[in-house]
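Chain IDs A, B, C and D follow the sequence of writing; residue 1 opens each chain.
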Amino acid sequence: MLLNQFLVLGAALFAFGVYGLLVRRNVVLILLSVELMLNAVNINLIAFESYLVSAQAVGQVFAIFVITVAAAEVGIGLAIVLMIFRNRKSANVDDLSLMRW
Amino acid sequence: MSWEVDYLAIAPELIIIGSLFLVLGLDLTLPRLKKYWTATAAVAGSALALIPLAFLAVEGETISMFDGSYVVDEFALVLKGLFLVTAYIVFLMSVNYIESERYYQGEYYLLLLASVLGSLVLASARDLIVLFIGIELVTGPLYLLAGWRKGDVKSNEASLKYFILGVLSTAILLYGMSVLYGLTGEITFSGLAEATAAMPNSPALTMAVLFLIVGFGFKISAVPFHFWAPDTYEGAPTPITAYLSVNSKAAGFVAMLLVMYLALPGVSDVWAPALWALAALSMTIGNLSALRQTNIVRLLAYSSIAQAGFMLVPFAAAAVAGADLEEAFSATVIYLVIYAVMNLGAFGVVIAGARTTKSGEISDWAGLSNVDSRAAVLVAVFFFSLAGIPPLAGWFAKFVMFRSVMIAGGAATVVLAVVAAVNAVIALYYYAKVVKSVWLDDATREFPGEFDEPPAGSLRLALAISVGLTVVVGFFPALATFVADASRVIAAGG
Amino acid sequence: MTFSDWIAEPVNWVFAAIGLAVLFSGFRVVTSKNVVHAALYLVGALAGTAGLFLLMSAEFVAWVLVLVYIGAVIVLFLFGIMITRAPTGLDESLSSDQTAMPALLSAAVFVVMTWASIDAFGTELLATVGEATSTQVIGESLLGRFVIPFEVVSFVLLAALIGGITIARRDLTPVEEEERMSV
Amino acid sequence: MVGMRALVIAAEEGGHGAVEAGTGGFWADTAGIMLVLPFVAFLLILAFGKRLKYKGGELAVGALAINLLWATVLFVLNMTGGVLDQTTFEIARIGSDLVFELGWVVDGLSIMMYFLVNFVGLLVFIYALGYMEGDVRVDWFFAAFSLFAGAMLVLVGAPNLIQMIIGWEGVGLASYFLIGFYWEDLDNVRAGNKAFMTNKVADVGLILGTILVGVAIGSFDFSELSIAAAEHAEALGAVAVAGGLLLFFGAMGKSAQFPLHIWLPDAMAGPTPVSALMHAATMVTAGIYLMARVFPLFQNLAQDTRGLMVVIGAITLFAIGLLALVADDIKKVLAYSTVSQLGYMMTAVAAGGYTAGLFHLFTHAFFKALLFLGAGAVIHAVHSNNMSDMGGLRKEMPTTYWTFVVGSLALAGIIPLAGFWSKDEILATLGHEGYTAVMWIAIAGAFVTAFYMARAVALTFHGTYKGEGHPHEAPRVMTAPLVGLAIPSIFVGILNIPGVDWPGIGNFTEWLGVRVVPMGDYHPEGIDWSLAAIGLVAAGAGLALGWLIFSRDRATQKARDRFEVPALYPLLRQKYFIDHAALGVVGATTGPIARFIDWTNTYIIDGIINLVGGVVKALGEFVYGTIDQRAVDGVFNGLSAVTDGAGSAVRRLQTGRVQQYAAGFVAGALILVVVFVLIV
C-alpha cells in the first residue's frame, strides 16, 4: 500500500471538516466537523507510523493522545452549547454576533 | 529501559497538582459560605510552587528526563517563574471578582490551576507530544472559564468563539505536527533540529512549519489568527481576560520559541519571513484597530495584538544570514516578561477602576483622577509603560526589540524596524488617550460605584506587585536581562 | 508503481472500498440536512477509519477509536442533539446558504495538502503491512517514555469533566438557593 | 569609581591637547545628589504636599537650593582648575559587550548645565511661590515641576545615550503634564497633546539614532563615542551620517527647529513659570545640549550633512523670528523669539561653533527666563496675555519694567549686555566657517529680534493703559527673582570676551573645553570688531524702528479712537498715515514674509500635521472597518448579494460571526502556505 493513498484520504477528510466548520449553522454540527479534521490527523499519524516504524510506536501513541484530547474537547464544546442554549434557546451560531466592530 | 524521574525537578508541577486536589477537596466539603478557602489554597499553591523553583535555580543544573523530552533548565525555570508569578497575580485579582458574584469559586480555581499546570509543562516540553498536551491543558480550561459568567450572553459568545477557533487551530497544528513527524521520524526537538538541518526545503516541510505557526499564531493572537481575541476579551470575566492576554499568550510564545529556535533552526528561511509578515500585520492592524476603540478592554485586546506583533519582530532577524539567534531569542523573552507584568497591571487597574466607573467605556472613565487618584496614577503608569515611555519597564522591552533587528541588519528587518517605530508612535496615541481621559477630561456624570473605600487587599497586592515590577524593571533592566542570559543558554543549543 | 501494479494487490481493493465509504460518510457529515443522520454518518466515517487502522496494523488504536468514539463520543453528540432540541427531521437551514467561499477554501486546503504530500512521499510504500504493532509496545511507551504527557492528559480530561459540568448545569434560582442555604 | 578609569584612559587616548583637570573630589563624587533630590521632593510633595503651607513649594525650592550649592561649588572648581569625573553604576548587561549604566558625568559642559538648571530653576521656583499662590492643584504643579527638574538633571548628567533618553522622556512627560495644567480649558489639553505628539515623532529619531550609534560603536557611553568619532571617523562613515542625522532629528523636536517648532508656541498654554523654565531656559535647549554632547560625531560629518543642519537652524532663526512681529499675545512673542534663538544656537553648533552655541545657550537662559517672568508679572497684574490690553505699565510696575528692559536689550544684543557677546560669537563663527550667506541671515535675524522686542516693550509698558482694573507691582517674592536674573543678564557676557583671560579663572571657553575629547577649536580668534559693529548696528536699527512705530499707542488705539473720538479721527488717521509710511519700509519687506510664514505656519504645517493625522486616522478607520471587520464579510456578502435580498445583505454587514473569523483563519493559513511554498 502506498503511503500517499492514506495521506490523500486524510487531506480530503480534513478539507470536509473545514467546509463543515465554515458552513454549518448548528454548533453541534460544527463540532462534528472538527471531529472529522482530528480524525484526518489520526489517519496521517497512523500512516506515518506504518511507514516509519519507530521503536516506541510514536505515531500510534500520538494518535491515542489526539483521540483523548478530542474527546475532552467534545465534552467542553457540548457543555458550552448547552450553556448557550439555556440562555438563548438556540444553538445557531448566526445568532451569536453580539460583539463586533 | 528504565525511566528515572527527578521529583525535585517536577516539584513545582507536583505542588500545583497538590493544590488542585486540595481545591477539589475543599470545594466538596466546605459549606457554601466558606468557599473562599479554595481561593486561599490556589493562591498559596502558586506561591509555594515558586520555592522549589528557587532551589532548582540555585542548583543551576540542567535536568533532562525521558529521552530529553522533558527538560528543566534555566530557560524553563525562568518561564515557570513567569507563569507562576503571573498566575499568582491573576488569582489575587480573581478573589473578589469571583466572590462578589455568584460564580462557582471552587471549580474556577481548579480550572485555572489546571491551566497553570499546562503552562508549567509547556515550559519544560522538548518534544511535540508534551508540547501539544501542554498547550491543550493551557487552553482547554480557558474555553470554559471564558464563559464563566453563565448568565451573560456576551460571556457565552466569548467562550464559543474562542472554542471554535481554538479547535480549528488545534486541528491545523496537529496536521502540521503529523507531517513533521512523517518527514523526519522524530518528535524530540533535538532530533527534529538534526533532521531538518539536513533536509532540503520541500512544500511538505514548508507547509508543516507554517501550520505550526498558525497553531501558535492563534494562541498569541497574531493577525490574521486574532479574530477571536477582541470578542473573547470583551466577553470573558476580566481576570480571565488578563490571564488570556498574559499567561496564555506567553504560553503560545514559549511554544513558538521552543519549536522555532530549538526544533527548526534549520528552516529559519521559512519561518522567519513568515513571522516577519505576521509581525508587520499584527502591529499595524492591531494598532489601527485600537485607535477606534471606545471600550477599554477591547482597546487592550487590540493593543495586545499589536504587542504580539512587537514580540514577533525579533523572530524576523533569524532570516538574516549569520544573524545572532541568541539575541533575537532573548529579545523576545525579555519583551514577553515585561509585557506580562505591565499588561497584568493594566487589567488589574481596569478591575480596580471599574469598581468606581461601573463601565468599560473610556468616556465613562473621564475625570477618574478627581475621585480616585491612586487608580488614576496606576492607569498612567501602566498605559505609559505599554506605550514604551521611559523609565517604565516597557521602554526597555521596545529597546531590546529594536536592538535585536538593528544588530541583525538586512534590508527586510530594517524595514520591519521602521514599521515597528511608526507603530510605536501610533500606539502612543491611543494609550495616551486613556490617560488623558482619566486625568484631563471632566467627568461627564456622577460615578455610580464606590470610591471611598480602597479595593480589596488581594487586588491591591496584585497591583502593588505589578506596579513595583514595572517601575523597578524600568530603572534596573538588569532584572530582565537576567532572564535574557538564562534564555541565551538555551538558544546556544543547551 | 503504476496503477495496474497497485490495483493488483488485493489489500488495495479493501482500502478502496473502505476509503470510498469513509469519504462518502465524511461528505455526508458536513452536508446532511438531518442532524441525527449527520451524527450517524460520523459513526460510519469513524468505523471506516478504524478499518483503515487495521489495514495499517494499528490494532490497538483502531479499538481505542471504536470504543472512545463510537462508544462514548457519539452518544454524547446524540445527547447534545436531543437536549438542544435541534430539529431531528429534514432541515434546510442547518447550513449557511453561502457555500461557494467555504467550498473554495476547503478545496484549496485539499489541493495544498495533497500536493505537498505527493511531492514529499511520491510512491513510498508502507513498511509494516501484516504485522500488528504489539499492544505491549504501546503500553510500555505510554507508561514509560510518554508517562508525563499521559499523566498530564488526565488533567485535561479532569478539567473538561468538572468544568463541563459546572458550565452546563442549570444554576439554582435565588429562591431555590435560599431554601438550600436554610437547610 | 568605575567610570573614572574609563575617563582617564579616554583622556590619555585623546592624545594631543588632553585637558589637565582635577577630579573634583568630594563634590564630583557626590554630584549625583543633584539628580536625586528633585525626585525625592517630587515624591514628598505627592505624599504630603496638600498639608504643607506652600503646598509643597518649599520642598521644591529646598531641593533646588541644596542642588545649587553643589552646582556652584563645581562651577567654581571648574573655573579655577577644571573638573573631569564620571561615576557610573551598571544596571544591566546584554551579552558580554553591551552594558547599561546610570550615573553622572562632571565636566565643563555638564557643570555649566547643572549651574544653569539649578540657578534659573531655583529663581523660577521662588517666583512660582508667588505666582501660583491660591491656584488650584498647586501641589501637583510643584510636584510636576520637581519631576521636571530631576529629569532635566538626569538628562544633563547623563554619561551615556540611554540615560539621556530617560531624562529626555522624563522632561517630555513633565512638560506634557504642565502644559495641560489648566486642563479645564480644552485648548490647553490639545496643546499638551500636540507638544507630546510632535516630540514623540522626533523621539523615534533619537531612539533609532541611539541604537544605531550604540550598536556601531559597541557602547552608549559619550566618552567612548567621542573617542571613536574622533579617531575612527573614516571607519564609521555611513553609520555616523545616519546616526548623526537621526540624533539631529530628535534634537529638532525638543529644541523646536523648523518644521517641528509648532508645538512650542502652543505650549505657552501652561503657567508662565513653566514657560520660563522649561520652554525657554532649559528643556528646549536639550536638543542643543545633545548636539554638544555628541559634538565629535558631528565634527566629523560630511560638510553637506552639516550644511543641512545649518540651513534648518537658519530658517528657524529668521523665519520664526518674523512671526514674533505679528503676535499679540506677549507669551507668544517670547515663544517665537525662543524658537528663533534656538535656531541661532543650532546653527552655531552645526557650523562647528561649539563654544559659540553653548555660550548663547548660557546667556539666553538668563535673559529669556527673565523676560518670561516679567511677562508673567504683567499677566498676573492685568489678567490678560494680550498686549492690546496692556500699555503704560512702567509707572505701576517699575521693577518689572526695568528688568524687562534689561532682558530685552540683552536679547536684542546691545553692548555690553550678555546677548551681545554670545550673538557676536555666533556671527563670527558663521563667518569663519564659511557660511557667509547664513551669517547675513543671522544679522538680519538680529535686526528682527531687536525690532519685536522694542515692539513688545513699547506696547506693554509705554503709551496708555488699555486694560481693565488697576494693575500693581507684583509681590516681593516675584520681583526678587526678576532682579536675580537681571544681574547675570547684564554681566555674564563678559565671561567670554574673545581674547580676554580673567585672572585666576580664565574664560568661559576654557571651562567648557574640559572634556574627554577636547574640542578642536575652542580658542576663538580675537574679536571681530567689524562684524560686531554690523551686528550692533542691525540691532540698534531694529530697536529704533520698533520704538518709532509702536511707542505711542498708535497702532493699537486706532480702532478705539475711531469710535470714541470721532472729531479727532481725521487727524489720527493722518498720523496713522505716517505710521503706514514708516511701516511701509519694514512692511514691504518683512510684513508679507511674516504674514506668509504665519499663514504657512497656520495652514501648511498645521495642515500637513492634520493631514497626516487625518490620513492615519482614515487609514485606521479603513483598516479597522474594512479589512479587519468587513473584508471577510465583504467577500461573503459579495457572493450572496445576488441570491439574497438587500435587507439581508445589510444584516450580513454585521459581523462578529465566528465562522467568518474561521474563514479568515483558514484563508490566512492557506495564503501563508502557498506564498511560502512558491517563494522558498
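The rule is simple: a residue touches a chain if its C-beta (ideal position, glycine included) is under 8 Å from a C-beta of that chain, and two chains touch if they have at least 3 such contacts.
The structure displayed is predicted, hence computed values, not measured ones.
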item: Shared interface partners, meaning chains that touch subunit C and subunit D; value: A, B
item: Geometric centre distance via CA averages, subunit C-subunit A, whole Å; value: 6
item: Separation of subunit A from subunit D, taking each centre as the mean of its C-alpha atoms, in whole Å; value: 63
item: Subunit B-subunit D separation of Cα centroids, rounded to whole Å; value: 41
item: Chain centre separation in whole Å, for subunit B relative to subunit A (CA means); value: 26
item: Residue numbers of subunit B (touch at least two other chains); value: 129, 132-133, 136, 140, 144, 147, 150-151, 157, 159-161, 164, 168, 175, 179, 182, 203, 206-207, 231
item: Residues of subunit A whose C-beta touches two or more other chains; value: 3, 7, 14, 17-18, 21-23, 27, 47, 51-52, 58, 61, 65, 69, 72-73, 76, 79-81, 83, 86, 93-94, 96-100
item: Where subunit D touches two or more other chains at once, by residue number; value: 656, 658-659, 662-663, 666-667, 673, 677
item: Chain contact topology (line, ring, star, complete or other); value: complete
item: Parts of subunit D lying in touch with subunit A, wherever the complex brings them together; value: 629, 654-659, 662-663, 666
item: Interface residues, subunit B side, partner subunit D - complex; value: 157, 160-161, 164-165, 168-169, 172, 201, 203, 206-207, 210-211, 213-214, 218, 223-225, 227-228, 231, 269-270, 273-274, 277, 284-285, 287-289, 291-292, 326-327, 330, 384, 389-391, 395-396, 399-400, 402-403, 406-407, 417, 421-422, 424-426, 428-429, 432, 436, 439-442, 475-478, 480-481, 484, 488
item: Subunit D partner contacts - residues on subunit C that touch it in the complex; value: 96-98, 100-102, 105-106, 108-109, 112, 116
item: Touching residues (chain side subunit D, partner subunit C) in the complex; value: 635-636, 639-640, 643-644, 659, 663, 666-667, 670, 673-674, 677
item: Complex contacts: residues of subunit A adjacent to subunit C; value: 1-20, 22-29, 31-33, 35-36, 39, 42-43, 46-47, 49-53, 55-58, 60-61, 63-65, 67-76, 78-83, 85-86, 91, 94
